[in-house]
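What follows is a single structure, written as structure tokens, with notes after it.
Each chain carries a letter (A, B, C and D) given by its place in the written order, and its residues are counted from 1.
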């Protein structure tokens, strides 16, 4: 059964002016969470937020029953959520969605932009467990957008690009020199972030002829498959991102990236 | 000019399970507030409160630029307002409405029920300044509803009735023995509280043949005279409670209490 | 414990709470949150004769206390439903009601005939009020002759309970209701969504791919309540009230205004447990108000 | 600083922001909060020939992101207005527009003729859409022949700008708009309130003394936007957009959808400064989007 629970905020940690970690104390035992899954959070302290908002799990501390989310403030919901205080509660529905496919072996590249880094701590943990090598490639506008690098470096190398060149290589993630490595050392790419970025990464995977999984952030009304609002066009027709995704192998999507 | 201001909450003090004092730090100098005037408070932390809510001034500390409200939790707005924290802000429009007429001399009876005690601290101050004697008569369901008696006793005697008899005399305010005093020692009555109570008090004033002023708590959409929602039937036709009131001499109202 | 049973046509519901078409899938997703046996019925996602991909993305926009959708009846068609979905849901311990959509009267009739073969569908809800497509289309629901014609045609092939879902996008819903009643409907459900629009000021574009969509949620509750009240004044057919019902109080408001049952729609997105909480809340209200049967509050609004 | 001027009929407004009839009194109360010279115009409280006490209390109910009102055109009549109110407000440095209500076509005509004598009233807004009374009544606004007849009759006696305020309580607002245009209106204002209802479940009574009332506020914005868009598609007359406008973004959405100006209504109750903030916000948006004139965004929604 899916859960609907009131959780107590134990901590809100601002990482820069726009992003924060939201840490929740969960009343019951936390089920196994697969990397890429998400929760629908109700934002009850805002006069103009009506629907829940979806957020990927950044991390879960099963022992201490804590869930952590990485949230970027982009509008009213994410703003009001960040204004809550420790001790106040938020209601969440979880776990939702499918998850990244974790291979048995290989060496993978994980590309994250903006709030699109959230699912990759759980993914890193899972890959590490299986002994799969990984490299993170994080992109942002400026150096201050590049967050949680110390966390990611526990699981693999961390490469960086920034549009203004203030950290790492200058440019978009797909401009990074790692894509010029020959032979290309990776057997798979995972990506999450703004759609143009994911499409660019998917195009790379096509060129390199390796599989690519992306986590989509479509607008959702429900998050658990009843409204059919969150669809994406796929080779099998319109599918719900919230139940058939959010993770899709790009070869299922009609992005026409390999043309 | 009327003011629209963001004020910082300096303190919320719960007096019993249902009532609290809301203390605000006002950014600018506080104008003279007449007893009976009110403010329209915006409740911005609630998903289902749309309009402002009107509250009488309980007290004002002009020197320290503080406003104090006495608020009874009766619905969603008063609940959410009480959930705010010191340091958070609320927006208020003030000062609004007319005020009690304060005589030059005499001895008055001030009757308050429920949240209807709010305007009477400022009234007490004003009467004391003029040297007018006063007695407070506070009514409630139970003893725990009788609040701020120490404050009122700074200005005059405090009489009490409770419906369950747990404090003061048993019964409604109009059952209090003070109304049997002969000769009736008061030259005027002021009342605020639930409408049936105000009507009963007004009926008493009629019997005793002395003037009575009541502060009405009609539903308001704006609070400053533009919507015409808050009207009360008077001898002059429908009048806005927010601008022509909230204080009315009962002989202007069509309560037919003297019949 | 008060008696919560209500009757809609030939159906007896264990309680007046059902879930609205298009907001509860086929009931299976909700069964992950609660036992469907705790509510009166499930109005499944709109069905059409042929499979439909629905409208392009984006299909939804949040609005003040509501949302717009332009899903456009995405579904795999009646044959897929019959073969794959119906077998999985038919034994839910509640009523499964099919929401029937067509672009011609024959579509409605054909679909109803196909549903006739499914024993565990005690009722159909004719959707003549979807603002997002021609199929199930509002075109039928906004004029008396067409509303009447489609109802009459389906009535001829469908003996079980026939519910007609009315569109609020009309000048006078009473006229449509009376036409539909006269044509043989057993009950009304109302309201479907109101035609609305959202604009992205920064992008200078409509938010929805279809420009306009259907408005639902608490924003429309006052309009829905008014329409239920209006229809209850002119017709004695049972009414299923819909529109922004979030909690038991909302549901009771609809019942007082004249609804015999209610549908919970958009509220499910925010709280999938809303339907069961509402059913419980109605029970508590009845006890608190000294009613032994829920029927005591249907249309019991005092207006003297 | 972008050029914010817009034209409605023969009137040039300094900016597209005006205040909606019934939500701003006669402008005097608002003048306690801001200088009326900062907005484009004031649509004063609905006027009738004879004084009216309006409907009984309670006249308002809060709803989700909105409110219902059943004020019912309380006003002291045109003669009192002429004698006592007009002299006090006529020199405001903004346009004062009279909202005209009647229960017969003659009422509308008589009232317009009386207003003709007031030099500083550059325009009237015919209210044929008030859901709360027979006067100013929605009855005129929900059928094409009557909407057309009242517009035509007033057009004959009124040479200044004639704005007709449309009711959203119709099946197709385009039909009414075209009828009114054909009858000689210079501009439309839309929308008036939607007919709604609120119920007090505990008391088992309607909240409003009149049972139903008019719904306003952000709840109705998606419907209002859709109607402005629809009318803009079929008519070239200027539109004044109304319905749930709370901030500059809302106002810009209406203008992109086709409104030349907007009215701020219910928002005033929550923030009396809303009109000036909206005017400022539109200016900032234009600068940010590299527009030199506000006219560049009117109807500029991209739908390709």
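Keep this in mind: a residue touches a chain if its C-beta (ideal position, glycine included) is under 8 Å from a C-beta of that chain, and two chains touch if they have at least 3 such contacts.
Note that the structure is predicted; figures quoted are calculated from it, not measured.
Trainee: Steps needed, at minimum, to get from chain C to chain D via touching chains?
Mentor: 1
Trainee: May I ask which two chains are joined by the most contacting C-beta pairs?
Mentor: Chains C-D share more contact pairs than any other pair.
Trainee: Averaging only over C-alpha atoms, locate the centres of chain A and chain C and give their separation in whole Å.
Mentor: About 36 Å, centre to centre.
Trainee: What is the distance, in whole Å, between the centres of chain A and chain B, each centre taken as the mean of its C-alpha atoms?
Mentor: The separation of the two C-alpha centroids amounts to 54 Å.
Trainee: Chain B to chain C: how many Å between their CA centres?
Mentor: Chain centroid spacing, chain B to chain C, equals 47 Å.
Trainee: Going through chain B residue by residue, note those that touch at least 2 other chains and give them in order.
Mentor: In chain B, the residues touching two or more other chains are 48-50.
Trainee: At which residue positions does chain C touch at least two other chains?
Mentor: Residues 61, 63-66, 217-218.
Trainee: Which stretch or stretches of chain A touch chain B in the complex?
Mentor: 44-47, 49-50, 85
Trainee: Within their complex, state which residues of chain D touch chain C.
Mentor: 61, 63-66, 68, 142-143, 169-172, 194-199, 201, 203-206, 211-212, 215, 217-223, 225-226, 229, 244, 249, 252-253, 256-257, 285, 297, 300-303
Trainee: Going by the contact rule set out above, which residues of chain C touch chain A in the complex?
Mentor: Against chain A, chain C makes touches at 22-25, 29-30, 32-33, 45, 53-54, 57-67, 69, 71, 74, 217, 266, 268-273.
Trainee: Give the list of chain B residues in touch with chain D in this complex.
Mentor: Against chain D, the touching part of chain B is residues 1-2, 4, 42, 48-52, 93, 218-233, 237-238, 243.
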